[in-house]
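Paired with subunit B in one complex and with subunit C in the other, subunit A is shared by the two complexes that follow.
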Partner chain A sequence: MGFDRRAFLKFAGGAGAGIAVSPLPWKLLDDVSIWSQNWSWIPANPRGETTYELTTSKLCPSACGLKVRLTGGMPVRALGNPDHPLGGGLSALAAAEVQLMHSPARVKTPLRRDSGGNFIPIGWEEAEEALAGGLDAAGADIACVSGDETGSGLDVLSAFLGERGSDKLYLMPSEAQSAARAWRLMGGSGQPGYDLESSDFILAVGANVLESWGTFIRNRRIFAAARPHGEEPERGFVYAGPVQNNSAAVADSWIPLKPGSELIFILGLAAILTQRGLSAAAPDFASFREMLAGFDPQKVYALTGVSPQTLQNTAAALLRADRPLVLAGSECNQGGGAAQILAALALNLLLGGRCLRDIPLARPVLPAAEGRQEVQNRDLVAYMAQKPNPQALILYEANPVYALPDPESAAVALRNTPFKVSFSAFMDESSALCDLVLPMPLGLERLDDIESPYGCGKVFYALSRRTLETADTRHGMDILLRLSAGRGGLPASYREVLEARSAALGADHSALEAGEVFEAKAPAPGRLMLLPEILNRAAESKNSVISLALAPVQKIALGTAQTGIPPFNVKTIRGNELSGAEMSIFINSATAYSRGLREGDRVRLAGKHGEIRARVLIFEGIVPDAVGVPMGFGHTALDVFSRNKGANATELFTATPEAGTGFTLWNQIDVSIVKI
Partner chain B sequence: MSAEHKEFRIKWGMVIDLDKCTGCGACMVACQAENNLAPTPDASNKKKVMNWLVVYELTNGKAFPAHEVAYLPRPCQQCGTQPCASVCPVVATEKNEEGGIVSQIYPRCIGCRYCMAACPYHARYFNWLDPVWPEGLDKVISPDVSVRPRGVVEKCSFCHHRFMKAKDKARVEKRDIFELEDGEYVTACAEACPNGAIAFGDLLNPGHKVSALAESPHAFRLLARLGTDPQVYYLSRRDWVRAQGDNRLAEEITRG
Partner chain C sequence: MEEKQQKAAGAAGLFGAAAPFLLGLVIALAFGWWLFPGLLFSEKQQPVAFSHKTHLEDAGQSCADCHFLREDGSFSGLPPTEACASCHSSAIGESRAELDYVENYVERGKEVPWLVHQKQPDNVFFSHAAHSQAFCATCHVEFDPEDEENKPDALCSVCHLPVEELDKQVAYRENRLTGYSKTTMKMARCESCHANPNHLGATNSNNACYTCHK
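Presenting the complex of A and B:
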């Protein structure tokens, strides 16, 4: 019997039936579905043991607490640390901190500019030699700009410059600087501290307390605790400012203020409170009360746009509270001047000042370093306005070419400086103009410190920890200390400086390195002055008529001047904020109507020094005759996640000296808008 | 095929307090990092951008100074009656596990996008292109969630991997895996929110605070009248915010 046709069909049929009832087809189908989605270019998940390390964010201005998750020793996620005194969640920037360690904008190796103007990668030995050569050639004519205002690196920079005969150490402008200046004018010894935890009513004037002002993650944790879900809030919160921003969105009420009129609003409140019999134990209270007589509600209405009734209601709310706290600041954390903060501090004193603290400034731990007070008193914007041309400029985590008012002037100043070096983790606009760029480790890659960031209510000290060894970065402080070779009593390494700082505070350094935090109570302020003459002179300068006022808005999701927009944060930009490369500026419908503009119109917005182009977005959450401009766009360096997105709002900033305090400010900026 | 209503012994739910949300975007960033969503250089074309969680801006539509603004984070609503699951031809999306999380099984997904068309919340996204991770950023992929290729639909999973971990922990400790403590399993967005706007837990467990919050007179669900029975609730004391939970016509007469 042969294998005939019938037998073949029987065999084929049997085999088919057998395969059909076996798991084979399903297994093959399963494999096909898995392997058709498993390509070599799809990244695989890392493997390894999961561990956690506690630290404090050096990158996020809120200095929030972090719990870093590591897989196989590699950081993969930044999580919040609710037990941290400044923690309790994450900012949109801190949430992306681990990913920023691998950002395409990172400087991966030391770079030197060659004769053709291009950057060439070099080794560290060559880089340190070039640094030494450039700085030695400049002699004592060296200036330094630091973007780090809370670290002991300031001591090293100060001592390093001092040892070479220079005292030109400047900070990038910030609210902290203005506040510390106001505080010391009043007679405070360090910086103002705010005990938000015990306050039962917060009035934020211009200060975007839930987004970018002070220790904003702590602020938000306190806000959250005071607002049980779906119930009446336990603490009052009112926001006054030109834009219905993130803080205003959840405040009990938003008081619209003309841009730059925060000072007048605060003085108007103080005038009502003194009329109702409130006083402060200040030697100049009598003249302060006399000065306030000039700020009647009608005048305040004319200058701020706040109706007399709203002003009265706000004053009544402050009076009703047991422990009210008034926080003043500028929406973009810079340029608001010292007078409005001074006025808010005076108003707090009228209200009893029970939530104010006097937080001592960090004392120098290096003999050659000057005090923080001296550094804070220097005004970088005023210095740049003098068109200085130092022989050498050190940029330490600072990006003045992007962040200073009139950035083009800063770029010109940089170009005119014979030798400039940038210690930076990212290839930002300023680094791109330097002769030497030295890659800095980020906060999660280095040992560094954070002392009492502005806004906190206690003495605070913490260390950022190294969670990842990065091959080709070196801490700028270690480089400068090595360069000093012990001259001027400088130690050999930055770790020694941090250990000295811990010892000076009485903190356990090894516990700090393990992620713990040092806190100490700060005293209530002593007898303070109210300085009515200064306030009056500053207020008088606010009378100028502005046709269209600039109202900058900062969102921490768009990063800092140093980081640019973190890759993971690009998706947080709403569709009406940015379309391709074009960003939106926003005005309300009345402003648009009066200027013949409609939503979607392309416009040119011009300030005194520069101009930007954008599209019009109609947003009713802004005062009339004001134009809201988002900060954080318009980068020309960094990476594809930051470049070619909108325009830089600082192009429109014009700095002027503040009457009374002499500090520069840029919060009352007249701009013109033209349809193109 | 009509959508089937599914009930379980435990029901993971989210209650988002819109009176506490400032719209900062920290939840969106945490979600991307936790669930390995690739970054995008240009995210302004929202139809092509992959997001499991989006924060929308709401306004009361009034002119200055009566204008008000609120922010609404929108994850997958994990509907009790799922419009998506009933249309999936390959059973790639289901609601079959205790907890009531609507699954998305990527290897099964054939990319037909019927589920996207069916979802009334626009909570589903299609991978038009393979995810591109800039050099180095692929090193910080979290270990718990696989990276999806092009051609499949994705959505929020309530960080399901965290549920599995919490269950594993309970098993090791010889506890009932369906009696997890409040806070033992939370999503990445809820954990990241500094304002505590997002509460997460078992809606059926009286020991979990979300069970009481969902009953609050200020609670509402999105497009509730569609009968999708979402497991995501929103809270607001503001009438105009609650009114936007359903897209009623201005002149529409409503019942109840």
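Presenting the complex of A and C:
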């Protein structure tokens, strides 16, 4: 019998039947389904004993307390530390801190730009030689921008620059600077402190106290503790601002306020309170009261959109409280200017000022370093506007090309600087333009310190601890100290600086290294000025007519300018906030109707210097004739989780000098909106 | 007679006609049931020759000396080299395996990359504490270590090999496609209890995704 076609088909039929009743197809099907889930990026869980280490977040601006869970010595999770004075809970950024240690945006090795303009990995010795060469060639014409405003690294940077004959040390703009400026003008000696714990009524004007302002995790804990479930709140909380943000959403009431009119609203309240007989023990109180006469409720209504009745009710609520506290700030924690904070501090003084503190600023522990106030008093935005083009620029955990108003100008300034070096944990927009990028360890990978972050009510000092050494990183401060080789009385290592800081405060350094926190009571402020002239000049500049005002909104889940959007937090972004690469801006229905816009329309928003594109989202939690723009999107560097996702709101920011204080501000920005 | 011959020829013809089919069937069955399992799994040996029997009988150790629940409820799993080095800081005896172990792991402070027969994938959370005798022996008296008729580690042997009786290590069989051990517990095995309503009240072991998956 031959093996003909018919026989072959029979054979195939038999083989098919045999295979079908054997485990082969079913087992293969099962295994293929398992194999298809063996993605290369699935992290393998470390094995080992579970331990915990207490520390303070250096990455999160709230400086919240962390309880880091380690498995087999490997940090695996960040938890809140309920016993930490600035903790209790955990911010969305701090929650992502462990995962960020393994972020694809990390700079893993020193990088030098070659003649072709590409980054090439180099060793640390070569990197430090390149740094020394670049800085030596610049002589005294060196500037430095620091994104760290609470660490002793500022002392090192100041002493390092001073030893080379430069005093151009700048901080990235923040509320702390505006507040320090206001406080100093009033005659305060340190920085304003806010005893939220003892207050029984909080009025937040513009300050998104539960999301981004000051020590917001501590603020949340205080807020939550005063509102036991099912019982009457023990502390009143009112939010006034242009957007119904996360603070407004849980407040007793939200007072919608035109963007940039915070100062007028506060002065309107102060006017009512002085009319009711309240006074402050300030030498210029009489002229202050006289100046307030110009802020009657009708005028305040015209400028802020707050009705006279609401203004009266708010003033009455402040009067009813025993220990009221007024907190002013800007929604995005920057650019609000000093005048509105000055006005809020003056209003607190009218109300007795029982919750105000004068927190001493860190004194330099290095002989050549400037005081913290000198550094805070410098205005980076004003400096950049002069187009200074120093010979060398040091970026220390700072990303001005993303975060400064008019970022394109910052990029041009960087390109025009002959030598620029970035100490950064992430390959951000600014680092991408530098000649040398030196990888920094993150907060959980390094010993560093945090002193009295803005918003706290006491002298605070804590250390961030090294829980793991991951990438090939070196602390920028150790590098600069090594480069100084002891000149100018600089110590050999950053640890010595931190030990000196602990000793200066009277804190037990070894206890701090074990995760403890140093706290000391801060005194009540001394005799302060109310500065009516400055306030009046600043207020007069608010009279300009704005057709469509920009209302930026910050969410800490979207990270900072340095971190970008933490991959861990991508799932917190709603579909109506970002869809693919397109983000949404939001306006209320009245604004949309008056401009012929509908939900889902593609629009172009244009400011003085730049423009962004987005889709329209109709949201009634924003005042009329204002457009809400989320902050934190629109990165052009970092990783796939941040790059080319939405647009950067700072493209629309236009900085102008604030009348009266001279500080730059960008809280009253006129933008145009066009359907495309 | 002619009719009988026709019937025989018909039967032979029928058998002859089905022969290719039967041949294919037999070959496929042999391949699917006998050859395929052998081809699917590769055999690997442990990096260190270890005898549970020697440690239990000769060294007088108990299972819990190395495998125990920590205070926080996590399971210690396999002991780290540091723990083994409390006895094996230097070679005990002169066997090649012992010398290799001390030289390659103890002296270098390196962990042994043991091949774990029951290792679960990283998307699964298996708690030994939740599957302890305290829970299971409530109903399954055969797992009660206090009962003299039972072996104290009877519950362990439900999933794990009875290593206490083995002097030689069992070869580790790795699935060439998935990379998992042949004895890795599959979801169906988990569900035999988790999807059983009788367990819900006694052990609170529901079958929701995040009970086991992360």
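Everything below uses one rule, namely that the second predicted complex is superposed on the first by the 631 of 676 C-alpha atoms of A that agree within 3 Å, B and C clash if a C-alpha of one lies under 4 Å from a C-alpha of the other, contacts with A are read in each partner's own complex, and residues count from 1 in each chain.
Criterion: a contact is a pair of C-beta atoms (placed from the backbone, for glycine too) under 8 Å apart; a residue touches a chain by one contact, two chains touch by 3 or more.
Since the model is a prediction, treat every value here as computed from it, not as a measurement.
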| item | value |
| --- | --- |
| Which superposed partner A:187 touches (first subunit B, second subunit C, both, neither) | neither |
| Subunit B versus subunit C as contact partner of A:8, first or second or both or neither | second |
| Which superposed partner A:588 touches (first subunit B, second subunit C, both, neither) | first |
| Contacts of A:90 with subunit B and subunit C, given as first, second, both or neither | first |
| Winner by number of subunit A residues touched, once subunit B and subunit C are compared | B |
| Which superposed partner A:27 touches (first subunit B, second subunit C, both, neither) | second |
| First, second, both or neither for A:388, with subunit B first and subunit C second | neither |
| Subunit B versus subunit C as contact partner of A:42, first or second or both or neither | both |
| Which of subunit B and subunit C A:418 touches, first, second, both or neither | neither |
| Doubly contacted subunit A residues - partners subunit C and subunit B | 34, 37-38, 42-45, 47-48, 50 |
| Residue numbers on subunit A that touch subunit B, as the complex places them | 30, 33-34, 37-39, 41-48, 50, 64, 69, 71, 74-80, 88-92, 94-96, 98-99, 101-104, 106, 210-211, 217, 220-221, 223-225, 227, 229-230, 232, 244, 246-250, 256, 555-557, 566-576, 578-580, 588-590, 620-624, 639-641 |
| Subunit B to subunit A touching residues, read off their complex | 15, 17, 19-26, 28-30, 32-34, 36, 39-44, 46, 49, 51, 55, 57, 59, 62-65, 67-71, 106-108, 130-131, 133-149, 151-152, 191-197, 199, 209, 213, 216-219, 235, 237 |
| Subunit C contact footprint on subunit A (complex, rising order) | 1, 3, 7-8, 10-19, 21-24, 27-28, 31-32, 34-35, 37-38, 42-45, 47-50 |
| Contact footprint of subunit A on subunit C as seen in their complex | 16-29, 31-33, 36-37, 40, 70, 72, 74, 76-78, 80, 122-123, 175, 177-180 |
